[in-house]
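Here come two complexes built around chain A, the first alongside chain B, the second alongside chain C.
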Partner chain A sequence: MTMITPLELTLFVFVLITAIMTALFRDVLASIVIFAAYSLGLAVVYTFYRAPDVGLTEAAIGAGITTILLLLTIAKTTRPRHDETFEKINWPAAGVCGLFALVLGATMFAFPAVGDPNAPAMTNPDVTVYYIENAYQETGVENAVTAVLAAYRGFDTFGEAVVVFAAGVASLIVLGREVFA
Partner chain B sequence: MSTDSSSDRPVREDERLDSDGVARQRPAYTESQVIMTTVKVVVPFVLTYGLYMMFHGAGSPGGSFQGGALVASVIIMIAFAFGIDATRIWVSNTILVGLATVGVLIFGGLALATIALGGAFLDYSELLILNAIVELPANEWAKWGMETIEIGGIAFIVAGVLMGLFFLLASGYDPEADSGHTAEVRADD
Partner chain C sequence: MTEATLVDVFTTRHAYVMFVLLASIGLYMMIANQNLVKKLIGLNMFQTGVFLFFVTTAFVQGGSAPVIPPDGSGGPFVSPLPHVIVLTAIVVGVSLTAVGLALIIRLYTEYGTLRADSLREVMQNE
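Now for the complex of A and B:
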């Protein structure tokens, strides 16, 4: 068992509280703002666990672009006023969610410790070890994540890029037509 | 993508001026000295950081996906500060869809070119035939191939699609604001 540092604990509590607040607030605007804070907290968590690429994506897309798009959406639609600040908690649903979290939490003990050099994912000679040893000689880039994304798994990345493109063009066409009709 | 959207852009401007504030819940744009000044100060740094992330993704965290999102957010910030309609005058749908299309073409083009040269999909070792022009080792060619699909491909796609979604949502349910999209729709019909 490794020790949990105060920084980690603060981040976890922050992310947990903002997640719960996002679900509980009745006002959509408040939910969106707190959701942005949750994304930012999550980005810091990723960066703390040495996954800066994921952290940057979460900060740019989750905290930045998503928030802007959601804000625009409520600016262009209606935002009903509420008297009470919080949603009424649906206790059966909360119980089921809690149970589910408990079941997931029970599997946590089977995981290797964070950053454990002997974890199966780190010692796989065909994947991680191969990339770490050969990525620079074969692709000439220092960031192994980029090497995996753009070279070793380039076909997957092409598929993802085309999905983003197709989704964007499809929404332009569909929403454009809906507005037009 | 049609080229006739440039001709109906002035018409859209007039319509927008007439319809401002009629069909909306509240004005989407409020002129604010604080926001305008803040955006003016912040935008150069965000743009620089976005470009840095794009061009330096091979050597440090980040990459063109995040960099493209940051570059798109520059335009979005400008639109928030100085007016979405005013920004649309110089960033049209055609430009945005064109940006994303060029991205897919560059990415797919390079990938298919390596197949045409006898290799596999995105087989950077085929780029070695360019040694006739510049002498580089194999891993340097792989690096430049990756830079091409990252900067010319993914960054263009992400920036174009994100800006497109922003302007699309900004024109929302305002029935007067549709003429920006009709050119697209007709081109695809």
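Now for the complex of A and C:
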């Protein structure tokens, strides 16, 4: 049985504090900046869980591009000024979210422990085991993530590119007035 | 598999518990914050919680990142599939955020407010 390590605990406390601060700060700019710190903390968590490519993407896109987009939005619109530093807690909403957390939390007992080598996801011979055994022979790529991304699930990645294109077109249409004026 | 106790959940399923907390805080932001930009930040937080869930399912104790040498040595490796799904989801998520922010800018130029409650008021008076 694998227990939580001090490193994980520290990272989780950091991520949780930044998450709560993001939710409670009244000033939108403060929220955006703390959310960037939150993304960076999560990028480190992903790297700890041996997903360096996900960590890099999260740092570049989550902490980088998303923050820039959010900052551009408040630069183009408004940043309301407030006297109070923190939002008042909305108790009905907190109750709903507490209930949501309880319902999700009730399923936690059925999960395999974090890092359990006998977890169903790890022992499935058609997916994880197959990719790890055959990725290099079938695709010639050492990085199994690249092999799955570009070869086994290539259509998935194509669909992703279509989504990005559609999002770009949609943004241009929505902002049409500002762009072409 | 034996049933886990409450203590087990917090000490050995910690990352899954973290997913629940992050998703709940994101949901709270989407409901409670009236500023539309903060609602979108909440949506992003919910997403990152789900990403953490996926990355955790891929993790195996003592495993290394799935860069496998041609002779297959150096295991165990973590599962590459959840990483791929999360990579796709991060990019789709930022596309979603971009469209949402474009809509927010458009709403602001049309109605002059970013607050959901005053927006509702202005739209009713039209």
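To be clear about the criterion, the second predicted complex is superposed on the first by the 173 of 181 C-alpha atoms of A that agree within 3 Å, B and C clash if a C-alpha of one lies under 4 Å from a C-alpha of the other, contacts with A are read in each partner's own complex, and residues count from 1 in each chain.
Just so we're on the same page, a contact is a pair of C-beta atoms (placed from the backbone, for glycine too) under 8 Å apart; a residue touches a chain by one contact, two chains touch by 3 or more.
Bear in mind that the values here come from a model prediction, so they are computed numbers and not experimental data.
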Do chain B and chain C fit side by side on chain A in the superposed arrangement, or is it a clash? fit
Of the partners chain B and chain C, which touch A:Cys97 in the superposed model: first, second, both, neither? second
Mind working out whether A:Glu138 is in touch with chain B, chain C, both or neither, as first, second, both or neither? first
Examine A:Ile68 and indicate which partner it touches, taking first as chain B and second as chain C; both and neither are also allowed. first
Output check: A:Ala167 vs chain B and chain C. Expected answer is one of first, second, both, neither. What do you get? both
Using the touch definition from the top, say if A:Phe155 reaches chain B (first), chain C (second), both or neither. first
Applying the document's definition of touch, where does A:Val28 land relative to chain B and chain C: first, second, both, or neither? second
When the two structures are laid over each other on chain A, which of chain B and chain C touches more residues of chain A? C
Figure out whether A:Ile17 sits in contact with chain B (first) or chain C (second), or with both, or with neither. neither
Closest Cα approach between chain B and chain C after superposing, in Å? 6
Of the residues on chain A, which ones does chain B touch that chain C also touches? 52-53, 57, 61, 65, 69, 72-73, 76-78, 136, 142-143, 145, 147, 149, 157, 164, 167-168, 171, 175, 177
What part of chain C is in contact with chain A in the complex they form? 1, 3-4, 8-18, 20-29, 31-33, 35, 37-38, 40-42, 44-45, 48, 51-52, 55-70, 72, 75-84, 86-88, 90-92, 94-99, 101-106, 108-109, 114-115
Residues on chain A engaged by chain C in the complex (per definition of touch): 1-4, 8-9, 12, 15-16, 19-20, 22-23, 28, 31-32, 35, 38-39, 42, 45-46, 49-54, 57-58, 61-62, 65-66, 69-70, 72-74, 76-78, 80, 87, 89-90, 93-94, 96-98, 100-101, 104-105, 108-109, 111-117, 119, 121-122, 127-128, 131-133, 135-136, 142-145, 147-149, 153, 156-157, 160, 163-164, 166-168, 170-171, 174-175, 177-178
Applying the document's contact rule, which stretches of chain A touch chain B when the two form their complex? 52-53, 55-57, 60-61, 64-65, 68-69, 72-73, 75-79, 136-143, 145-147, 149-151, 154-155, 157-158, 161-162, 164-165, 167-169, 171-173, 175-177, 179-180
For chain B, which residues are in contact with chain A within the complex? 24-26, 28, 53, 57-63, 65-66, 69-70, 72-73, 76, 80, 93, 97, 100-101, 103-104, 107-108, 111, 121-122, 124, 137-143, 145-146, 149-150, 153-154, 157-158, 160-162, 164-166, 168-175, 177-178, 180-182, 184-185, 188
